[in-house]
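We call the chains A, B, C and D, going by the order they appear; numbering starts again at 1 in every chain.
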Amino acid sequence: MHGKGLRGLSVATIVVLVGAFAIAAFYAPLDADQGFRQKIFYLHVPLAIVSLVGFIVGGLLAVQHLRSRASIWDLRSYVAIHISLILGVAVLVTGAIWAKTSWGVWWLWDEPTLVSFLIVFLLYATYTPMRFAIEDPERQARYASVFAIAGGAFVPICFGAVRAQEQEVHPQTFGSGELPGPMWLTFLVSLAGMALLFATLYRFEIETKLTRGRLRALRRRLLDDDAPVQRRSAAPTI
Amino acid sequence: MRVLAALLRKELRLELRTLESVPGMILFGVTIFVVFHFGLDRASVEGDLAAGILVVTILFAGMLGLNRLYVADEEQGGFDGFLLAPVDRTWLFVAKAGALFAYLVALELVAVPAFALLLLEPGLGQALPELLLVLALLNAGFAIIAALVGAIAVRTRARDLLGPLIALPLLIPVVIGAARLLEPLLREGGAGGLDATWLAILGLYDLVFGLLSIAVFDPLLED
Amino acid sequence: MTTAIELAGLGRAYGERVALRDVTLTLEAGRTLVVFGPNGAGKSTLLRILATLLRPTAGTVRVLGCALPREAWRARGRIGLLGHDPMLYRELSARQNLRYHARLHGVAPERVDELLDAVGLGARADDPVSTYSRGMVQRAAAARAVLHDPELLLLDEPRANLDPAAAAALEPLLAGPPQRPRTRVVTSHDPAGGLAEADVALGLRAGRPALLAPAAEVTVDEIGALYR
Amino acid sequence: MFADTLPGDQGSAYVAAAYLFFLALLLVYLAIMGVRVARMRRELSELEQLTRERRDAPPASEQEPERLPT
């Protein structure tokens, strides 16, 4: 079960992520006009970035699948999107909480990043039902890859289009040099921690799925059991 | 081109014979205007509200077309028949998008005048060429996305549900662009001009998704 | 004589369900291979693989000198398929359907009229296919399958809905010109009739080849045993 | 301008809620994965049991590896 380096990766994730949250709480200075509430920034923004990158990576892995037609690539693409979706739930909830603290409302349509994320999330929310709705596993893999590629390309386009529409009212424009050094550092550590978390969950999920596949193959060989197993998940079978 | 002509001809002939998509789309579109009238309790609309109603109506009526687009091929062996021919598969995508574009034009030929008659305050005359340009870009975007998503949805269980569910988020940039472009055109008391930025965004979106769809369409046809 | 079909260890799985496994055979051009086997034995899967419609999941396939699925585009247009599905749009007439396929294949429209007369549909050719009897649909589908004069013809129970007279009338179309007979792969449930037209007989059982021999060396009883 | 409408300590409650939600989501995910791993472990011991029984069972036919589909 412990695939190569999974343990090391998990430990690194915990250390970096806990460290990031600790320095966010105790080291990073209070924001001038947001105060303590700005601390959600170190959770919400890295989550959003990692989740979106995960969707795009899912698309790139799907390209590999269509090229090679090896189902392992479909599994990788599926897992990347699956993890991104889970993190996406956290992005939306923390985003709503941040909106509540900053503007006193749970949702703000003028916030382009939040709105685009919702659109992307709604799109990917149909990924799993689509997989379930296709019986033949090979076709399912192909269609899922087409979906993942189109979705991966849609992510940056959607953000561009929505951002062009709305006025920028984001409380923190990071990367524009406005962010003081310590805040910037804290943000980068949080981002690294979140990326590590994604990597760990990704590896964990892949290892579990592969092991499960081998277990099933073993069972089939031992029991001479050709009956297809009832599907509980939309994950591809290897 | 010979292939595209053959496919388009088959597509339109089939639609003329069965009348499965266009009449339904038109009726649905006009009905939505009536529903909006009562839902909003407004006798007339203009500006951003008018732009929104028009775009949303075209979108929802178009969904009927999306759902029917590949059904005849799926149920009557049309995919296999096409795949056996020594032709480039991309043409099927182009033909489907083209056919849907035509259906949307047919829809708008009725629905837009009906909109002007039933709800729109300023009338259509004030910026007709601009209006047609925006509608063409809207149709192209819808047709491209629907031709791609329809091919995915038709081979799934619950296709009538999945098609719109996948297509709608993908269409939101098109909705934003078209609505922003239409707003000044439908303003009461003189139409404003077209915003070049939005025109570029909408055109670019159509282009990018058109090329992308062509690139990923082939794997959808294999069995 | 050239080889039309060359299969080595061919297999096809739908996920965990294996529909076809370990089929190895060669078929010379101009010969007829008849495939026997109960429903679900993998006959249709085999035909769809040969037609380039389905990718094999194991083994190698060469059809008309093209390795599938890599060179499928070179084989397409030289293969005809008459399956359970007539591949005709019900709301269009037989003539419109055939004209559409003729355009796709780059075949002259006159050939459509010729074929419609040859299968005895000349009088009803402009009625929608949905108004046809099953035999008429099958005749129109046969015309569609041979429209482009394919070198390899794949027939999935071609006589299923035909009366003997219609079947006999179709035979020359399906067989091709006497000086250059078509290579054919035919599935059949009729041991005697199937063996009579076969050069080579293949028996499938649960996706595995249970019998492969020149038709002359196979008895009707051996075929019947496949279904027991 | 909105900032004035909210008292400061309410803000910190929101921050805590956000981080706690994230933590809870992670825990739920890990719990689900834990259940899956436990199920796989159970299946594995079932199969181990089966192989042990087969090895102990006398009939020769059961031991023939050729009988297993390849």
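Couple of notes before you dig in:
Assume a residue touches a chain if its C-beta (ideal position, glycine included) is under 8 Å from a C-beta of that chain, and two chains touch if they have at least 3 such contacts.
Quantities reported herein were computed from a predicted structural model and do not represent experimental measurements.
Interface comparison, B-C versus A-C: the higher count of C-beta contacts falls to B-C. Centre-to-centre spacing of subunit B and subunit C amounts to 40 Å, using the average Cα coordinate of each chain. For the pair subunit B and subunit D, the distance between mean C-alpha positions equals 44 Å.
Inter-chain spacing, taken between the CA centroids of subunit A and subunit C, is 48 Å. Measuring from the averaged C-alpha position of subunit A to that of subunit B gives a distance of 31 Å.
Each of residues 55 in subunit C touches at least two other chains. Along subunit B, residues 222-223 each make contact with two or more other chains.
Shown for subunit A are the residues in touch with two or more other chains, of which there are none. Of all possible chain pairings, those that touch are A-B, A-C, A-D, B-C. Looking at the complex, you find that subunit B touches subunit C at residues 2-3, 5-7, 9-10, 13-14, 17-18, 72, 76-78, 80-87, 222-223.
Residues 148, 152, 155-159, 162, 165-166, 168-170, 172-173, 176-177, 180, 197-198, 201, 205, 208-209, 212-213, 215-217, 219-220, 222-223 of subunit B are the ones that touch subunit A when the two sit in their complex.
Listing the residues of subunit A that touch subunit C in their complex gives 69, 136-138, 216, 220, 226, 228-229, 237.
Residues of subunit A touching subunit B in their complex: 66, 119-120, 122-123, 126, 129-130, 133-135, 139, 142-143, 145-147, 149-150, 153-154, 157-158, 160-162, 164-165. Taken together, the subunit D residues at the contact with subunit A in this complex read 2-3, 5-6, 8, 10-12, 14-15, 17-19, 21-22, 25-26, 29, 33, 36-37, 40, 43-44, 47, 50-51, 67-69.
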